[in-house]
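Naming follows writing order (A, B, C and D), and every chain is counted from residue 1.
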Amino acid sequence: MRLLFLGDLLGRTGREAVIKEMPRLKGELAADFVVVNGENAAGGFGITDKIAKSLYEVGVDAITTGNHVWDQRELMGSIDADPRLLRPANFPVGTPGKGTRVFQLADGRRIVVINVMCRLFMDPLDDPFACLDRELAGRQLGSNTAAILVDVHGEATSEKMALGHYLDGRVSLVVGTHSHVPTADAQILNKGTAYLTDAGMCGDYDSVIGMQKEAAIHRFVRKTPGERLTPAEGEATVCGVFVETDDATGLAKRVAPIRVGGRLQPAWPD
Amino acid sequence: MRLLFLGDLLGRTGREAVIKEMPRLKGELAADFVVVNGENAAGGFGITDKIAKSLYEVGVDAITTGNHVWDQRELMGSIDADPRLLRPANFPVGTPGKGTRVFQLADGRRIVVINVMCRLFMDPLDDPFACLDRELAGRQLGSNTAAILVDVHGEATSEKMALGHYLDGRVSLVVGTHSHVPTADAQILNKGTAYLTDAGMCGDYDSVIGMQKEAAIHRFVRKTPGERLTPAEGEATVCGVFVETDDATGLAKRVAPIRVGGRLQPAWPD
Amino acid sequence: MRLLFLGDLLGRTGREAVIKEMPRLKGELAADFVVVNGENAAGGFGITDKIAKSLYEVGVDAITTGNHVWDQRELMGSIDADPRLLRPANFPVGTPGKGTRVFQLADGRRIVVINVMCRLFMDPLDDPFACLDRELAGRQLGSNTAAILVDVHGEATSEKMALGHYLDGRVSLVVGTHSHVPTADAQILNKGTAYLTDAGMCGDYDSVIGMQKEAAIHRFVRKTPGERLTPAEGEATVCGVFVETDDATGLAKRVAPIRVGGRLQPAWPD
Amino acid sequence: MRLLFLGDLLGRTGREAVIKEMPRLKGELAADFVVVNGENAAGGFGITDKIAKSLYEVGVDAITTGNHVWDQRELMGSIDADPRLLRPANFPVGTPGKGTRVFQLADGRRIVVINVMCRLFMDPLDDPFACLDRELAGRQLGSNTAAILVDVHGEATSEKMALGHYLDGRVSLVVGTHSHVPTADAQILNKGTAYLTDAGMCGDYDSVIGMQKEAAIHRFVRKTPGERLTPAEGEATVCGVFVETDDATGLAKRVAPIRVGGRLQPAWPD
């Protein structure tokens, strides 16, 4: 199985880059399944049904989110109707939407996508480790499930690495989001799980994590209310990770970073 | 000027890898000046004079640190006697050591190294932005100073990116440390400063930010006191960044990530 | 029912004051049941079986704790054998000890004590609100349970007040601990639950939250490792709250702060 | 000198209670000087010139603030024109307003008011301890200055107590604000400074720190965006502290909590 995961789409420039590059990405990588993190797709804050639809139309199969999931409040009313759009699994019981979604390819292979929030330096939520144990119960990688992708949305590198090792051998890919900067530590862990601490954003890297620099610097330096944060509008770098799994086991045979366009050094599987 | 910066050396495996690779790194890169972050060099916690000396012996020119600088308390008594070893500049007035050090090459060129702590999700300290304005006062890149390297030791990608843009055009390199994971966003900012959000650690990446996995995972999952955190002991990846500056301006002409050995995908300037 | 709750016992001076005052407190208040928070009883850090025993001997009926519960690690091995000593209920599944304990008076009346951790500005844990719903399931105040005391161990006044109102009408008393400073907001909430944001410590108030001033101030001012924090040793003020409930409903008829000895202004029910 | 300090005025109910009670408070206490914290006076968020004026009219002499000072942005433009309205002193250089203001009574006695922000669990700012040393330089309590009041606006009891002892003997009163709950630890420290960890808010205590309960509880429990936080509108308790100083030294002879009206147990100097 060939899997493509792209990090937090940031605003118009991020969406446009992903929409433009998706046919080529999906084609050249012969990707069977594509996941993107969409928590910043709508002007940097949340996502709408309309934006989700525009991503499905170009070949995105699933959309994960994170702490910004409800920034566009309308989503609380519509997320249950969209089986491809996830919110973090360790939100309180009763939260709209689901944190785990099961997908079936035309050839019958089943793919599970799970989205969890980390907790270190973030809003208090229930334990993502215990949550993942529950979400994975009964899912046998390589038998009843062809591939499992887990988006760990978090701040601290330590927590993401701990989650990677905790899931090693049980899922196909553990990939971090939220920091908006791609990390260069893609590797296959000891028991076969592909891992990357952060996919990086699909956005303009002439910015402060995708937002215009002046307003963002003002916040750090002046400590007075300044302009609203708005997305930087330069050309986006599409950032993510490509994983090829062994269909017999669901584990990773290959993992490689993806970086296309914009200011960052390009990366593509050999 | 050709500059090499390596991220947080983590324990014995990190030191040994840096000591082993330094002659070749310095030679093949024809580096004029080498800085390493040493805050985790002593068993993961702090650094000693003896370790600093072993690094100078293989060609390290300056050592920066961070929040772990005093983990080996003896350093508080000796740091003032070592003009090559820095602690963050925005520590309280009266703290032993200095956060800015000036170096002179044999050919007379002057190099300034500055070390600051970020604040987001970290211990409260004085403003690193204002601190950097003070530390940079009177230093004219390209005239009285050939190169300026700034190690921004911090957790949040947003704060590091904001510091990069804040210093753009005023220094040669802004490089982050502390996250222990290399980022893949090396770039030359608009006004000529080389930038990388995090250099990554020089340590074993089969770990949780350099520490043995079991004890680290225990802390997240069990919330009971477990074993002490100790460095993972597998082969280290030496991680950092190489910058070539224009001697006329002190600004960057080229920036490239460095990754050598261990588990991570290798990186080397073209 | 007449209930007495005392806040975090801090070190030797806190223990000695409680042990000395307990006969008189229990006698003059005609208290049916006494709970103390013991998380700092052993030199400021944790509690031992021996200390717990010394408190039971003078009439303490139950001991709650908090984030410091495991500072004396031996307790992890012995807490399950002590049905009067609680750890927070929202610790991970599999943690030794229990967060809810049921007690029976000689006259057959049943009392429930629950201990939870808040999360704001504290270590990440599972949701105390949802946890309390589970712990309270099936417990009918005024029918199968005569009184329910809840120790909410937390930093933020907002979270403690929110927990108070969340439990209003369902328990007899919600009392905060952890800040080590008594609050002056004792009240009976609208549906009959007695509430106090923080009971305050039983410790020396010529201190920084019970610890010797010099070392504590050093930490704030110098940001270098200084002396260990050790308990201040002046005379303790015994701080807590007295509640009288209506046996027909289990709800509060009266709530009053208790402050005895040491430096603080004394308080005693009218 | 007889000093009255009242904690965070919360919204209309807080303002109205303070305005109504001020004549009696000032009269019966024979207060020479009155300070109130006004950071939540305007609907819970910030303060306006108009509100400040309404407070001066009933006898308030100075208004301190805190982290909410700029919630009504217009204040940034007008604060410099109001010599009675303070913002925290440890805001960045260049921030509008001042953190220290000097007042002169009709009889010529000079009073200094200082406002600082704490840092633990709060937004990063420069060190309040070092800031206070600077603000106090040249001010001799009992000689060139009759009284010095310091409002330490902060979350953590430990930091406020550390500040109290740090200033002991140098100022007349150290009083905390921000927690919105009055503490019951009013005392005169060893070297003569009056101290209270938190003055408490002037607001409706049938609330979550002054805000309506439902919306506040929703935030803790649901983790989805809910209604805006708005002030609870029940009768406010006016909370604060009264201090009598020795004119020869400027140090405290007496300190007593003040609680008038609303739900909390009343307090008044003997």
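What we mean here is this: a contact is a pair of C-beta atoms (placed from the backbone, for glycine too) under 8 Å apart; a residue touches a chain by one contact, two chains touch by 3 or more.
Which chain is which protein? Per UniProt: A, B, C, D = Metallophosphoesterase.
The model shown is predicted, which means the values in this text are computed figures rather than measured ones.
The set of chains in contact with chain A (Metallophosphoesterase) as well as chain B (Metallophosphoesterase) comprises C, D. A count of C-beta contacts for the chain pairs C-D and B-C puts C-D on top.
In the contact between chain A (Metallophosphoesterase) and chain C (Metallophosphoesterase), the residue numbers used by both copies make up over half of all numbers at that interface. Averaging C-alpha coordinates per chain places the centre of chain B (Metallophosphoesterase) 45 Å away from that of chain C (Metallophosphoesterase).
Chain C (Metallophosphoesterase) and chain D (Metallophosphoesterase), compared by their mean Cα positions, are separated by 29 Å. Residue positions 92, 125, 127, 130, 221 of chain C (Metallophosphoesterase) are each in touch with at least two other chains. Only residues 121, 127, 129-130, 155-159, 161-162, 165-166, 179-187, 189-190, 197-198, 200, 205-209, 213, 216-217, 220-221, 239, 256-257, 259, 263-265, 267 of chain D (Metallophosphoesterase) touch chain C (Metallophosphoesterase) when the two sit together in their complex.
For chain B (Metallophosphoesterase) in complex with chain C (Metallophosphoesterase), the residues that touch the partner chain are 70-71, 73, 76, 91-92, 94-96, 123, 125, 221-225. If you check the complex, the residues on chain B (Metallophosphoesterase) that touch chain D (Metallophosphoesterase) are 92-93, 119-120, 124-127, 130.
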